[in-house]
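Shown next, in structure tokens, is the structure this report addresses.
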Amino acid sequence: MGIHNFFTRFNDLERIIRAPGKFKYEEHNVAAHSWKVSMYAMFFATLEENNGATIDWKSLYEKTINHDFAEVFIGDIKTPVKHASPELKQMLSHVEEKMMERFIMEQIPEEFQDVFFHRMKEGKDNTTEGLLLELADKLDQFYESFTELKRGNTEPEFIVMYQTALRKLLSLPLPVSVNYFKDVMLKDAITEDTVIDLKTLTQHVLNELE
Amino acid sequence: MGIHNFFTRFNDLERIIRAPGKFKYEEHNVAAHSWKVSMYAMFFATLEENNGATIDWKSLYEKTINHDFAEVFIGDIKTPVKHASPELKQMLSHVEEKMMERFIMEQIPEEFQDVFFHRMKEGKDNTTEGLLLELADKLDQFYESFTELKRGNTEPEFIVMYQTALRKLLSLPLPVSVNYFKDVMLKDAITEDTVIDLKTLTQHVLNELE
Amino acid sequence: MGIHNFFTRFNDLERIIRAPGKFKYEEHNVAAHSWKVSMYAMFFATLEENNGATIDWKSLYEKTINHDFAEVFIGDIKTPVKHASPELKQMLSHVEEKMMERFIMEQIPEEFQDVFFHRMKEGKDNTTEGLLLELADKLDQFYESFTELKRGNTEPEFIVMYQTALRKLLSLPLPVSVNYFKDVMLKDAITEDTVIDLKTLTQHVLNELE
Amino acid sequence: MGIHNFFTRFNDLERIIRAPGKFKYEEHNVAAHSWKVSMYAMFFATLEENNGATIDWKSLYEKTINHDFAEVFIGDIKTPVKHASPELKQMLSHVEEKMMERFIMEQIPEEFQDVFFHRMKEGKDNTTEGLLLELADKLDQFYESFTELKRGNTEPEFIVMYQTALRKLLSLPLPVSVNYFKDVMLKDAITEDTVIDLKTLTQHVLNELE
Amino acid sequence: MGIHNFFTRFNDLERIIRAPGKFKYEEHNVAAHSWKVSMYAMFFATLEENNGATIDWKSLYEKTINHDFAEVFIGDIKTPVKHASPELKQMLSHVEEKMMERFIMEQIPEEFQDVFFHRMKEGKDNTTEGLLLELADKLDQFYESFTELKRGNTEPEFIVMYQTALRKLLSLPLPVSVNYFKDVMLKDAITEDTVIDLKTLTQHVLNELE
Amino acid sequence: MGIHNFFTRFNDLERIIRAPGKFKYEEHNVAAHSWKVSMYAMFFATLEENNGATIDWKSLYEKTINHDFAEVFIGDIKTPVKHASPELKQMLSHVEEKMMERFIMEQIPEEFQDVFFHRMKEGKDNTTEGLLLELADKLDQFYESFTELKRGNTEPEFIVMYQTALRKLLSLPLPVSVNYFKDVMLKDAITEDTVIDLKTLTQHVLNELE
């Protein structure tokens, strides 16, 4: 037990591949995903702050870098399962939480247990920081599927993933960020040359939401 | 829906990696594992038949080739989780079963649904064939961990996996097969040159069981 | 020598890649291929039985799971070579057979040698089971090339492989299975979105055969 | 230009492999490295705060998640080169800085340029946060080489990397963190079973520094 | 030091990947690149000789097989950087040269140092052999980008790489080779089926140069 | 047909893996192998020339860079097969030769056919250059197996490969090169730290040959 043991677990997240079992041109691991989510959140929190929001930066970054640590225990199985079964998604969240608790009790020295319990709990609450985490996490799903479709990946799963991510992104109660994404970034994205027609897939979602 | 769709799912099992998230020198996918399990079972069923047992060969082979098909739905998450949580293991089995049922109802033409329900149900029952499946499945876990330890993989997970597989193998109520494994094959196995001392790890388990 | 040694050779088939030397988006190993062939055969044998054929299921499954074991000795070199040289194909079959014989004589305990000689001999004879093996083996070639072409693999080799597999499949003397494949499954297959135009490639072969 | 373009560059860091050209059992990319550095820093900053230091958490996390972004422009070439040539290291830092500047001027909308200049500048200054970044970055070098040596990687480069990282770590002017690392974590690390004798390699460095 | 040590460095070039950090369907290492460059040069030197040129074959082959050995020291960073910064390119050349010199002084036995200095120096001079090296090196850049674009790689970097290589190739003062490439080989190349429209990309460059 | 088509085949050799089907820590492709063989030959030819031999450098380099081109047609199957079957080795050489001939007749413009026939024929004759090719080719087999054994690869195949390569190397009728290898380079090689005891494996071969 101890911090050395905790640190060696980080390496496990480099071996957990997102969307396992689906054909993809490029694999992404959970460690790299966590970094990208932190980078996206950094930008949108800046944008929100520039527009008058108050950001708890410490909380924001701790939410983003820790948000998938619990995948050490059961792996990245939620994405392919969640469309099929909300019950399983919930059961798995529960199990992750229990395993996280046991890990902290058994592995983390007592003096640090409180701060670990606080940091490792589910971060997607209704605070601005929780919403920014949700936005950034969905944005990475958007980019992962965007990039596969751009290169001609014909797995139907990626069309579902793309449109689902887009729909969730555009519905989040963070109007400044969502509008910037929709009016500026999404416009840039769909002017790229792509093998699969992303302009149409995107327009369908935009039409639905109007 | 239809058989074409069913067949294209086989490819998914080639991308599901066993023991995900753990460092290993060589990865194994679930499709190749299913083939190896069928090969092991073929041998032990022959041995049992030579010693007087009656084998339902059709049932045996269908159990082995189908036994992990349901991993298409949630991936290979059981191995790293089962030591930590029997409840999760059970919940996941339940979910797999439900997803399998739904898959058959939605994807398989009605005329074939009965035979699919029969073939895709959990195969590890108390028949000789069910026990041979259990033996063959554990034997592959034995060989996967044996090979990693032989090459010097120092992850403690593989020592646990090796000794757990060995303990289960040696306790199965198939005396002819178990004795052949213990008295002939295991002896050959532990005379190999290995980086990690497998002779001692093996002897510990043998001593425990005496 | 002995069964332990035989079992460790299975791992070699996980490292033998089909269609070596050709660019592909996804690699397939011979172990996983053997499993997929067993799965396809299971379905078509069921279909044949439902339509009045008598299936020797033990023989069928042993043919499918063993049919490429001899590639342990010389690797998967037949596919790229066979278009170029039928003599080499025959020479290699002969060598494989000799190496298989020697392997059995040297490695397999005497009490099991007869059953090994029987199981490991070439399975593609004119029995229903031999034809179903041929069908299933060609079907995997069909699916491997279908999937590469679908994703935009422009290597001419895969167009040749696709049309060759299709031609052979449709010419096999198993009318119930062949018609089901042609009238039901192939129709589903060519309605998929693909980067390379598979509808036309398929129609050419269908026209030829009429 | 624009934020969409900035975000798509994150993916490049997932393809830049650390210590390129050296044999290793496991590769690490710069994106995943940046995440691990953030995790290490989170822990040591907590430890420092518990012992009376004042931490600027926003600055700390921005330093860690941004510290290798400039590798997008020239790749991870510093590690193998730095032992050989401090001049090159300096030239490359200079070039990275210039390319970073140009990137911001050309790609980032004007309203965000100031904050980008501030965040993307070299983070390893003499503030507590700068020192914690240095500690966390060296710690990842420690863990990368530790893990290779543990598994028996005999490349001399990794022994150099291990001892260099250890020497730097133990010399940093952050006594609370350094002592915790040395007295608690390093003790745990060197009790692990390893193929290469890490206890002796570690002891040499400890003796030197006394 | 010594020739054994020199020989073990060749292996490093098998791990240095060309165009690092960019998405590609297929990776190429520097060792394999050096072989392909030697093959291209062999052909064009034959063509030049058939048309009256005098070829110093020993010099030609030593230029081609040695031309990227210095990448052992700093890796393949020039391609992505050169469009952005000619100064860096020059600095890196200088550093490579210095590291090459030091390597020869420290690692190569004295009796062989002179011949090593001669062989390892920059080969792209104005001799026919130097120009053939330049042609062959650019031709490999042409083929690497051609193949990625053919398969639908939408990274703008590869369009730049393709057109840059083509422009340089067509401007080299080796009229016999350049005309053969342009009038015979390029014609064959652009009749291939490709996902991205290479005919148009090629025509743009041809029009520019007329 | 044509030179463009010939050049695109080089890429195939980057995908043909040496010693297919055997576990190895690091794979080597035939293109990179051909480059390394050219580098080894360059050194030993220099050594021979310094000691009075006359070298036909053009012939030497053409032998080394072309020596495995024919593997494009059937892949790298000789190594694992040759210990088992000299007849197969011969049959395969014959087939390679026939396929090479057909390739030249069908693909290479008539004006270049003679020079291609000359360059692509088997290079391992009894000239000094043919012997240097044999030496360099075996040396790469020596280094490939040396490196695997050094890292702890316990596959018996690599011990066989190491000792076979060493035996052949030391028996070649090139006394200057062989003595330099034995007295200088091999001494350096066996002082390296290795997981498997290479000193003893090497001494056995040296003792045999005395």
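Labels A, B, C, D, E and F are assigned to the chains in the order they are written; within every chain, residues are numbered from 1.
What we mean here is this: a contact is a pair of C-beta atoms (placed from the backbone, for glycine too) under 8 Å apart; a residue touches a chain by one contact, two chains touch by 3 or more.
Just so you know, these numbers come straight off a predicted model, no measurement behind them.
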Per the touch definition, the chains contacting both chain C and chain D are A, B, E, F
Where the centre means the average of the CA atoms, what chain is farthest from chain D?
C
Residue numbers at the chain B-chain D contact, same meaning over half shared and different meaning under half, come out as different
Quick note, more Cb pairs in contact for E-F or C-E? It is E-F
Rounded to the nearest Å, the gap separating the Cα centres of chain D and chain E is 33
Averaging only over C-alpha atoms, locate the centres of chain A and chain F and give their separation in whole Å.
50
Would you give the residues of chain E that are in contact with at least 2 other chains, written as numbers and ranges?
11, 13, 23, 25-26, 152, 195
Please classify the inter-chain touch graph. Allowed labels: line, ring, star, complete, other.
other
What chain-chain pairs meet the touch criterion?
A-B, A-C, A-D, A-E, B-C, B-D, B-F, C-E, C-F, D-E, D-F, E-F
Touch list for chain F against partner chain D, complex:
25-26, 150-152, 192-195
Residues on chain C engaged by chain B in the complex (per definition of touch):
2-8, 10-11, 13-14, 26, 28-29, 31-32, 34-36, 38-40, 42-43, 46, 50, 57-58, 61-62, 65, 111-112, 115, 119, 139, 143, 147, 180, 184-186, 188-189
Touch list for chain A against partner chain B, complex:
11-13, 15-17, 20-23, 72-75, 77, 80-81, 84-85, 87-88, 91, 95, 98-99, 102
Interface with chain B, chain F side, in the complex: residues 23, 25, 152-154, 195
